[in-house]
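Going by the order they are written in, the chains are A, B, C, D, E, F, G, H and I; count residues from 1 in each one.
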Amino acid sequence: MFWNLPLVAVVALVIIALAIIVFKKNLIKVFLGIVILESAVNLFLITLGYREGGIAPIYTNAPPASMVLPTPQALTLTSIVIGVATSALLLSFAIIIWKKYGSIDIDRIRRLKE
Amino acid sequence: MIPFLLTFLLALLLYLLLTAGSGNLLLWSPQELVAGVVLSLLAAAVAKNFLCRSHNFRMANPLRLILIPLYLLGPFLLEVTLANLDVAYRVITGKIRPGIIRVQSGLKTDLGIFMLANSITLTPGTITVDIDEESHDLYVHNINVPAGWEAETGVIDRELFSLADIPAWIRRIAE
Amino acid sequence: MRRGLVIVIFVVLAAGLSTIPAFFTFGEPAESGMDRYFIEHGQAQAAANNIVTSVVFDYRGFDTLGESVILFTAVIGVGLMFRSMRGGEEHEDE
Amino acid sequence: MIEPWYAAVFVLVILVCLALARLFLGPTAADRAVAVDTVNTLSVAVLILLGVAYQQIIFIDVAIVYAVLSFVSTLYIAKYLGGEL
Amino acid sequence: MIPAFIVENSPALMVIVPLVAAFLSPFIGRISSMVRSIWVGGAMAVTSTIALILALDVYSAGTRLYVFGASAASAAVPPDSGGIPIRIIFEIDQMSALMLVITAISGFAIILYSLSSERSHTGLESFYTLYLLMITGILGMVSTGDIFNFFVFLEILSLASAGLIAYRVDGGVAVEAALKYFVLSTIGALAILVAIGIYYGQYNALNMAMIAARMQFSVLDQVALVLIIAALAMKCGAVPMHFWTPDAYSMAPSSITALLVVASQASLYGLFRTVFTLYNVTLNAATVGWLIIILGVLSMVVGVTMAIPQKNVKRLMAYHAVSQTGYMLLGVGVGLAVLGNQSLLDAFGYMAMEGGIFHIINHAMYKGLLFLTAGAIFLRVGTYNLNRMGGLGHSMKWTMVFFVIGALAIAGIPPFNGFASKLMIYESVFVFNPLLAVIAMVVSILTLASFVKVFHSIFMGPALPEYSGVREAPMPMLVGMGILAVVVILFGLFPGIVVESLITPAAHALVDQGAYIGAVLGGA
Amino acid sequence: MSKIVRTGANLLYPFILIFGLYVIMHGHLTPGGGFQGGAVVATAVALVIVAYSFEEVTAMIKKVGMKARESIGLLLFIGAGIAALAIGAPFFSNFLANSGLLFGQVVPSGPNPGDLNTAGVIPIMNLAVGIEVWGGLAVILLYMLSGITKEGS
Amino acid sequence: MMEMAIHSLVIAGLIASALMVFYFRDLLAATLAAGFFSFLISVEFYILQAPDVAISQAAIGAGLTTAIFIIAIRATARYEGEHP
Amino acid sequence: MDATSTLLTGAGYWNPLAWLLGLLAAIIIAWLIYSMGEKGYKPGTAQAEPFISGNKEPEKGMVHVRAGNLYWGYLEALRGYYDRLVPLHSGNLHDYILWYLGITALFLVLVVIIS
Amino acid sequence: MIADILVLACLSIGILFNTLGIVGLLRFPDVYTRMHATTKMTTFGSMFTALAVIIFGGAQFISTGDSQYVTLSTHTIIAALALAFTNAVGSHAIARGAHRSGLKPAPAVVDRLEEWAP
């Protein structure tokens, strides 16, 4: 009925993100692709833990019902932090490369070869 | 010391508002009160130089603080509603006559000009675009400049508002 | 040539990844032994109402330590990038 | 008393998708910033309404965080546009 | 002799000590450089000691478990959970212990070296912080028994490595190398995360033993296997994905390059752990085994042929690192290809795996030694370009001796350790497929040839006038190199002991999936 | 930025701060926790950074202080684990839960509104992570800004 | 039913904004689209009953990641390739 | 398991004692050759200077064979191979990522289809 | 019952204003006029939806006496206040940034700021 729509979306997002990473020549664009890739993987993890009609795994005064699985949420939290750390380090690399090379075009960042 | 206390009290107020309903006794449970005091002290220690940057303690007067909600619920809400109806009318019909005009305000304090600017932004078809830092004159983008204003170099602030005298309220609160 | 290869790679990757929606069903986890344990015992063992927090900080607390360390690493790394160099550091020659 | 919340959320989500059009079309970066700012506002409304619809009171916290934090990113964009960063 | 408390909690202490030292070192480094050196050196010494104690304990008493946050450190499965391990478990078997030994020895030797080699640079407190974090990452990666935890440590390792590769910011080239390394490793890590998600979604488990016990090798598992193998093979520098290796290895400071070798061994360990422990006989052993063998052969050939025309000494050595990784992949791949067949495994499979695993430890030692000598030469001469060097044998005698030891070891000349492992690989691979053994021997000869070239152009010849003021490398660097050289010689002279006491248990632990699962789940 | 934004940032700063601390402190009862609350608090710092020019910011917010915060948070976090080690339990064991001491109140099972004084070491760890993230994210922003100004001059 | 429609719309928005990141040549616009993406994925987490993750994503993706990307764009160049 | 245990690999044989003896023999031979050297050699005198048939002595740097000149013939013989291999290391990040993705795709095809 | 009607009324007002705001965003000619539509109307609309929730929470609290509805109302109030506050400042900042980046109000009868030119 729902055709696994979120999972299909995950696959589509991964492919789009990989396309951004591979086809775009600007470093910042590539990093945006990596951010999207990370988000897609996070979405995949969360989707795995979702249960139809479940509520958030927090005990409150709300009427009791079956809860969604908590572990993927914990994993995703870790993954998000890793994502922000990664993008911070990558962006600082990009800034330094701009300073030293005068360009952040991937085709020009190739002093190291052979 | 006074900035510290003021920040502490305001932070505690917000914390209590956030945790309202946590206990049956007076809406707050004792642990929450203790935690609130501790955290507010922490926040105040960090932020004491920010809330009262200009070392102007006029706002420490509780009467002025009580005036703020009155102002928000009274004239401000009225003006906001009118402004929204006005803009809705312009959205539907598309009749606009935009322009940036200069508004003269006699307000001296930072808080006063801040409140005036935000009130102007949220209310009568106007958005504060820039501010002259010395004379506290506002440059306001008006979606429908009334006829004749484009020639004036400076418009007095209360002419922007149709019904309530918002600048007077702000003066009462902040100065 | 190269473009064709890239497209082939993308098609194969898409096909490989689309096994995920083909074999998982959204909304019905296939197996939930570990998570049932968390939901049933988490409130009593970790004494926290938020099961996610009890998973993050109690059952998988070591991961959280690793996560914090990653943030720390990133900060140190960024600081290393923007450090102020005193005079001439050595230069690699090509 | 559940259905109206969902209906409202539905309309708001459609509005968000319309704002996406302005993000796509907007000739200048400022237009796009305005679109994103609008979406922030709408998202807060969506989050509040969904929280009520799910009968999960604690979800409202997310909306507050959202309201405060999107503001900061808006300010960064504005500061960049103004050339002051 | 050793307090029971330390032995009991050594898996945790092994991670705690470098972490605490790393957290404090940005501030302790501000006091004075002397205090900083003592602090980081002491922390590394303590870490190495704890890791060695743990490894000793594992070799004498069998697999160790450490359950974080449980009521008792060995209570892997709570009684009321129905046989499901729910917490993060460190599971250290003999293979992990071998990696711990490698990390402990190299880490200690390299930090001694770096105390004097990096003295004149800025940002040293950050350097040492990242160094300690990298050690933590390696130690955690090789000892964890939880697959998500493995991912977390992998990320710690790659962030710290990327920061350190870019340490010499001013030229900009180092940052380029770090960028390439880090982008690739981020994408690889995300692929691993997808694979973890697939395991979780199918089996609702994150513990490796639990996943292994439930493994069915469905289509999804095949996809996950491919994602993990490709990512980890990329991270250890197998050939069609090795392109980051020469860049990163040649641009990092020499001490870090030596540690990066160990880091890529940790990725290799992850690869073997995935293939042997998570899947074992369920996977299509011939296919995956041959894939790994082909990767290994390609790495050997392409690595060594690319190394010969190089003019930058560290780049040359980096290509050799790629080539030597091929030997390990080849050896273990042969073991994997005959995994299901017990008689073949006994005939030559174990021998091939032992050769591959022995090569891991040997390679870490001699390649670390070679990179350290390269760093010492750079410190005195100021260039890596082979065309500009010559006649250094007159002034840097000890460095020359160490270089010769390393070069002979990597080329597989008898009295050194490289020969022992290569001999084991040749013998067993010859039984499996003679062509592969021949290729391996040819590669070994080419290796020798290229190191003859390096030796000739750096040390031989008359003393050049522009290097007349060159002196011997400072003492701590010589000590650091000396430790590794002694290990190289000892392993070369007494390979029987090493193989019997260290390598054979590791190879059997790698193959024996049932014991790994049984240690966690009980029974099996 | 203009005076209006600066005044707004000044006004908002303590409130975002206390809200972030609220999110940190209620991590075991409501969604949120150390990381999220720390990010909120760091956003308050980011707000100040964006409202003032870089020179004013460097006078107001010190990098060393933020780094110290980060290290202190991490040490507190790992210290909570080591404390468990010291009393004989494995590393990271939640030794305060259900003990009746600080944060040691027993939780009734099933739906209940929750009580602040529960969850053992979890609130302490939350606080530690919050402090760490506060310092960490703020210092990343400061470093990257310093990268800009060097390039501009 | 209504939930499903909301869910589908959010997913459509996600994919559309990801495509926009691909399309824009102005990096500032691309960053804005990525910010939009972050908002939407946060809403998606919220719909999937993961408020912890939603807060996290809102704070990091919408707030700080956008901020550091804009700082990086300021420190490098605004347009991809040559200036239009 | 004593220190002199022999590593047997099926066909090979490695005894450290044997190797130590070999090393010892090598050292003795080297010492013998060294001791058979010219007794009348005195460093510092004219006999230590190079004599190249009366030609002028070239500078020291010129005598040394540089690394780039070694193995010229080998590289020349394998020119076709190197001309294909070296351009693969293009220094372009996109190529590297594509290699990684391509290998992943190849493995996917191989593993999933064969199994 | 009366609460239900109030809630529905507030919701529909909020939705109406939000819709008009988006229409204005799509329809108006330049940045500043678009900003008029979005800033005022979406803020106002979102405030009204928040008001609906507040009324709902209050009504539930009165009828059930459950203190969690107080939490609902207070948190919603805080969210709404934060929204109003941040939106005003944020749109001012965008307007200022747009003007400083050289974007003129396209169909303008007068532009005093251009003459001042700081």
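Here is the rule we go by: contacts are C-beta pairs under 8 Å (C-beta built on N, C-alpha and C of every residue); 3 or more make two chains touch, one makes a residue touch a chain.
Being a predicted model, the structure only gives us computed values, none of them experimental.
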{"item": "Neighbouring chains shared between chain D and chain G, ordered by label", "value": "A, F"}
{"item": "Of B-F and C-E, pair with higher C-beta contact tally", "value": "C-E"}
{"item": "Inter-chain centre distance, chain H versus chain I - centres from mean C-alpha coordinates, in Å", "value": "74"}
{"item": "Chain C-chain F separation of Cα centroids, rounded to whole Å", "value": "21"}
{"item": "Mean-CA-position distance for chain H and chain C (Å)", "value": "43"}
{"item": "Euclidean distance of C-alpha centroids - chain B vs chain E, Å", "value": "61"}
{"item": "Sites on chain E at which at least two other chains make contact", "value": "19, 23, 26, 68-69, 148, 152, 155, 159, 162-163, 166, 169, 171, 173, 175, 179-180, 183, 187, 194, 201, 204, 206, 219, 223, 226, 246-247, 251"}
{"item": "Multi-chain contact residues (two or more partners), chain C", "value": "6, 13, 16-17, 20, 24, 29, 32, 34-35, 38, 43, 49-50, 52-53, 56, 58, 60-75, 77-79, 81-82, 94"}
{"item": "Two or more partner chains touched - positions in chain D", "value": "29, 33, 35, 54, 56-59, 61-62, 64-65, 68-72, 75-80, 82, 84-85"}
{"item": "Residues on chain A engaged by chain I in the complex (per definition of touch)", "value": "60-61"}
{"item": "Of all residues in chain C, those that touch chain E in their complex", "value": "16-17, 19-20, 23-24, 29-35, 37-38, 41, 58-63, 65-67, 69-70, 72-74, 76-77, 79-81, 83-86, 89-94"}
{"item": "Touch list for chain E against partner chain C, complex", "value": "19, 22-23, 26, 68-69, 78, 80-82, 84, 86-88, 120-123, 126-127, 129-130, 133, 136, 140, 148-149, 152-153, 155-156, 159-160, 162-163, 166-171, 173-175, 194, 198, 201-206, 218-220, 223, 226, 251, 382-385"}
{"item": "Chain B-touching residues of chain F, taken from the complex the two chains share", "value": "2-4, 6-11, 13-15, 17-19, 21-22, 25-26, 48, 60, 113, 115-117"}
{"item": "Residue ranges of chain D touching chain F (in the complex, touch as defined)", "value": "58-59, 61-62, 64-65, 68-69, 71-72, 75-76, 78-79, 82, 84-85"}
